[in-house]
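Should a chain be cited, it is by its letter among A, B, C and D, assigned in written order, with residues numbered from 1 in that chain.
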Amino acid sequence: MADTREITLTVNGKSYTETVETRFNLADILREKLNLTGTHVGCEHGACGACTVLVDGEAVRSCLMLGVQANGKEITTIEGLADGDQLNPLQAAFRKHHGLQCGFCTPGFLTTLTAYLQDNPDPSEEEIREAVSGNICRCTGYQGIVAAALDAAAQMRAR
Amino acid sequence: MKPAPFKYHAPQSLTELVDLMAELEDAKILAGGQSLMPMMNMRFVAPDDVVDINGVSELSFIERANGSLRIGAMTRQKDLLASPEVKDAAPVMREALCHVGHLQTRNRGTIGGSLCHLDPSAELPAIASLYGATLTVAGREGQREVPMEEWVLAYMMPSIAPEEVLVSLSLPVWLAGHGYAYTEFARRHGDFAITGVGALVELSEGVITKAALTVAGADVKPTRLTDVEQSLAGQPANEETFKAAGAEARKIDAMSDTYVSAAYRQRLADTLVQRALATAADRAVGGE
Amino acid sequence: MILTNEFLVALPKDAAMQVLTDVPLIAPCLPGVSVTEAEADTKYAGEATVRLGPVKLTFSGRAEITEIDHTAHTASVRANGADKKGRGGAEATVTFQLKDDDAGGEDAPATRVLVRTDLALNGSIAQYGRASGLIEGVAQELTKEFAANLATVLTAEDGSAFDAGEISGLKLLVKAGIGRLKFGGDKAKNETGAV
Amino acid sequence: MGVRQTGAEVQRGEDQALLTGRGQYVDDLKLLGMLHGAYLRSPHAHAVIKSIDTSAAESLPGVHAVFTYRDLEEPVNGRQVQPYPNPLIAQDITQYPLAKDEVCYVGEAVAFVVADTRHIAEDALPLIQVDYETLPPIVRLREAMDDDAPRAHKDSPDNLIAQLNITYGDVEPTFAKADHVFKAEFLQHRGGCHAMEGRGVVAQYDAFSDEFTIWSATQCPYLVRRCLATQFDLPESRIRVIAPDVGGGFGPKAGFYVEEIITPWAARKLGRPIKWIEDRKEHFTTTNTQRDTWWELEVAATSKGRIEAIRGRLVNDNGAYVPYGILLPFTMMASFPGPYKILALDLTQDVVFTNTVSNSPVRGAGRPNAAYAIERMIELVSRKLGIDTAEVRRRNFVEKTDFPYQTGLIHFNGRAMTYDSGDYHSLLEKALELADYDGFTARQEEARKDGRYLGIGVSSCVEDTGMGPYEGVTIRVDPKGKIYVSSGAASQGQGHKTVLRQIIADELGVGLDDIHVDIGDTGKFPQGVGTIGSRVGVNIGTAAFGAAAEIREKALALAAEILETDIGNLVFEDGLIRDKGRSNITISLGEIALKLAPMAGAVVPAGHTASLEATSFDASKGPPHASGTNVCELEVDIGTGEVKLLNYCVAHDCGKKINPLIVEGQIVGGVVHGIGNALFEEMIYDDSGQPQNVNYGEYLLPLATEMPPINIVHQETPSPLNPLGLKGAGEGGTIPAANAVIAAIENALRDFDVTIDRYPVTPEYLCNLIDANQT
């Protein structure tokens, strides 16, 4: 019989109580149980960063955390970044600087940078590159992503 | 790539944890999960039981007392990076931590996890080796202390019984003003280093009075270069001295694998020892 | 990977040959191995346990004597097994070559036993390049231990079965001196051979 | 008249959904009653299957079925359909959908488990007992043609898939009287796809209508449909293949894979939808790669550095099967002369089997191989004769006045390879200026004073893009004036929808937001080809232009009648047709559409055809040729062998740009892919054919931290072959990149007289070269 537990977690401000199989990682729970398919699974071994979500505000690889470990935590996923249809400054900057092509890795970059820019509002280009070095993008060559992050940081500082 | 079935446990205290580990036959401890989870996802590791120690709050601490820095096994890498005690007492650990994985993995990864996983290239075991740290391990029978040089039995094999738990690490704090450096070479930022070198020096009027050197990644475990350390003492902190130390370091035992040869690892040890010593000497108070 | 070992036993060739082709007798000389079933005169089923760092593998498989040549004093055993949890398998051909050793003179007949092991791993366990050195190191230690245990069995007066017990890769490594394994890993070469 | 969209940096319409987590990738689909599949894969590079026992796996709770080859019926049990048959293929061996009695690479599918969850399906895999008898594998391409080499397929006479030869000009006489003959041998390695989304298939079968619906993360849904129609012996109309949002393609997703056969087959068998998502390890072991090529080349040159002839041979490792015909080997040779006027050429290629994952195009599809080879010849001549590498290029480029220029070779469309337009000299100068090539010597000398080794490398290329036959576009206007567009070409991030919107908005004078686009669904557009070879922008651009022109014509004809004016007086503006002379007299596109598509009882105006819609399959009259020159500046750390990229400059000519933002994105991404090939990505097999690095800790993809700033300057030489003057831009960054990096490394290490004869260039390899030449 599968080992299960009941957990309660908050995702993008909404509370969920679910019985989950303990071997399901957080990415699986978000996608399969909560139908939040914006979090993408790219490698399942913690190398590509596509599945990055925020757990209590910190960027974490959701393929390397069990769903049960999210019990009592506040999770933010890509679905929770925009205000309705209104893109936030980081999302808008990604669009403006063509920081995404296929869009598969994008949720991981956005969540990683969301946490990073909160702690580091005025980063250099080199620091941005280091911040996203745990995220792989095969399409963009990173240049648009870095430009978008710098632009978004400037806009958020100006607010 | 989904993990095999297991039974999940989440003890909330060290006592509960130790009791649980004594009962379970085939259990793995889940700390930060940054090494264990990939291995479970790939089914390299498929334990019957997974014991999550994230709820054991008494394993998470950083404290400085009596000339030592003690760190709880469950302390996360990001907390070490942010810690003023670590910055002040063991700045080389902070420098090493910048090479550990990435932002996201440091947010979860723990010092205890790194010491138990014991990847030969890993930075935190190298720091433990550099300081000649002492590890505290708990079992049902009580606690025991293991010096770092005895901790590593072999490739990714720590000296810990299946029913035991790593509690903490303690390292002696060097004099204020000591020089330090952690220098490594990896193919890409955040990768497993091919070779890394940690160096600590104390100087007086441009002369090395005390030195510690550890090479990670070259051999199956971090290698403390005690002979080189001894020969450095009394030498002027200059390029010639560092070159000689590098040449000595080049003789260390090293392994070959699919990617690089032993000879290349030794060559890197030479280069990186020179660079680490130069940086450490630059940073030390008491240089000329 | 090819691993070679050799040792000397104080037995004449024919007598040594007798023992070497007794699979239930020699199999336990390989640390972690047990024979569970004899399927035919020359075919056996068994299990082998080995630990590679954090990964503990249990291979379940078969061994078969594929060649016995009493004139040339050679024998071959082919064994293969697969990990029970699907992490891969191993295939080995062990060839014994027996040669007279007359160093002790006519009164002390002795045989030099050459053991050549051709080991190939497959599946996940063979696909982690960073551990390739570790695996070869463990394999070397295992075959070394195998040869040493064989020598013990061959010299045992009653020819009794040997039990290497639950020797894990860990113990072997420790025995070999902490971390002092020689990692001679042949690098997987690319076409130019330049590495 | 509104702002012109074509040529403007229009932000993509696709992005809103992708940035908010509302993309629809194949793994995001959830169908009622859906089951999950996992494949058991061969752990051996080469083995015979003696028996398979699935009983233990079948009895695991949650498992619905375990399928092996024996369960397949005709015709599904035949070898996988060859999408690109060619009489030159001597041994056209494709894979069985599930291994029949032999496995030929690690990762070949042996059995398929269907279960309630992917977790359970994976639990069942180790319970399947397969008795293999291993066979010796052939792993190294240079040994493949040895007489005593193991055969990749046990019943094959040898490992030769095809031998190709191309030749033109007076090769032997030119060599005989050449001032200089130089020789070089080198190995290229190309690595894999590594789209961040792996492959994946969701399949549903409707027994009532005997129809399949298949969602696949593919670049070519129409190719999948066509192959499946044969594999299942069904009319194409019964198979709908949908490429939803696809997370990157880069070539390998253009093929046809066994999972696209077995997953729907099992869905039909079980009467339940089934999802199979390739995991990353499967990606490493089963998704086609494009790999090693060994070159032995000789060049005949004048003392002034003019290359007069090249001859040589190459061996191309095609892996275990022939999943993609010999398109790739052919392209590797057909694009050989690059931007250079080489008057005589003789190349012979052996395409060989090895027991490794199969070969099909990866970004650039053979062109990076050819470009690297010819660029190596430029470097060789430059070095041997002591002439600056930029100067050697100048002396060999096709001249601006030569266009249209026939190289002497044949494109795989069967016609003479003809460069339509370009200006390679000015492109080179633009790149050199951007990179401050003239100032480099001073920078290099300055750095050497600090013990730093800087180097600079140049690389040029020409790329045949926009290949035919077509990519159709349908435009339909509804009575509200909304524009519906459908096209076959699936997108894997290239922004096809945005590109279509831009062109159509301009041609019909409507806003971008009024245009709704559907792509990559065989149920929504009847016939398409696929997203490969930098071809889609050119083809959909041309077809959209053609379809829009037809809409205009139809609409204007009716508008002229209604407004009682001459067609010549009418203009399109903001969704309205306006009479130039009487600005208040207008009719909207919607009104015209309503007249042409009335409801029951009404009539379509006489002399007009129903529905304001048009379909065009207009295509470029031939492949337009894009071109580029890259300049890379870097530093080599001789203590570690590390290569640090400092600056990268691209001068690029893809004709008229539809969307500069997208073009630059393609170039930068392409360059980084090429840098990955040159320095990082290496798929390593051990001698028994076991892949050694099947994870992203060991297979090194480029990361943000190692990539240099990439600066781009454009030149627009419109193609005369299509109305918008378009040329493709998808691969022009990748094609020349490897030589730019490698020539720069050689330049940095010139004190050590280093010649690089393989890539990727690893730090250890460089250290060995440095140490060997250090006196």
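The definition used in the following text is that contacts are C-beta pairs under 8 Å (C-beta built on N, C-alpha and C of every residue); 3 or more make two chains touch, one makes a residue touch a chain.
Remember, it's a predicted structure, so these values are computed and weren't measured experimentally.
Placing every chain at the mean of its C-alpha atoms, the farthest one from chain A is found to be C. For the pair chain B and chain C, the distance between mean C-alpha positions equals 35 Å.
Each chain gets one centre point, the mean of its Cα atoms, and the points for chain A and chain C are 50 Å apart. A separation of 44 Å divides the Cα centre of chain B from that of chain D.
In chain B, the residues touching two or more other chains are 1-5, 38, 42-43, 188-190, 192, 258-261.
Each of residues 119, 279-281, 684, 686, 692-693, 695, 697-698, 702-703, 705, 764, 768 in chain D touches at least two other chains. Along chain C, residues 85-86, 124, 128-130, 132, 186, 188, 195 each make contact with two or more other chains. Shown are all chain pairs that touch, namely A-B, A-D, B-C, B-D, C-D.
Chain D contributes residues 11-12, 14-23, 25, 27-28, 30, 119, 194-197, 245-248, 250, 279-280, 492-495, 661-662, 664-665, 668-673, 695-697, 701-705, 707, 709-710, 733 to its touches with chain A in the complex.
Put simply, chain A touches chain D in their complex at residues 21, 23-24, 31, 35-45, 47-48, 50, 77-79, 81-82, 85, 87, 91, 94-96, 98, 100-107, 110, 128-130, 132-133, 135-146. Chain C meets chain D in the complex at residues 82-86, 88-89, 91, 120-124, 126-130, 132, 186, 188-192, 194-195.
Those residues of chain B that touch chain C in the complex are listed here as 4, 39, 42-46, 117, 152-157, 192, 219-221, 253-262.
Residue ranges on chain D touching chain C, taken from their complex, read 43-44, 106, 125-126, 134, 140-142, 187, 189, 281, 292, 294, 682, 684-688, 690-695, 697-698, 757-758, 764-765, 768.
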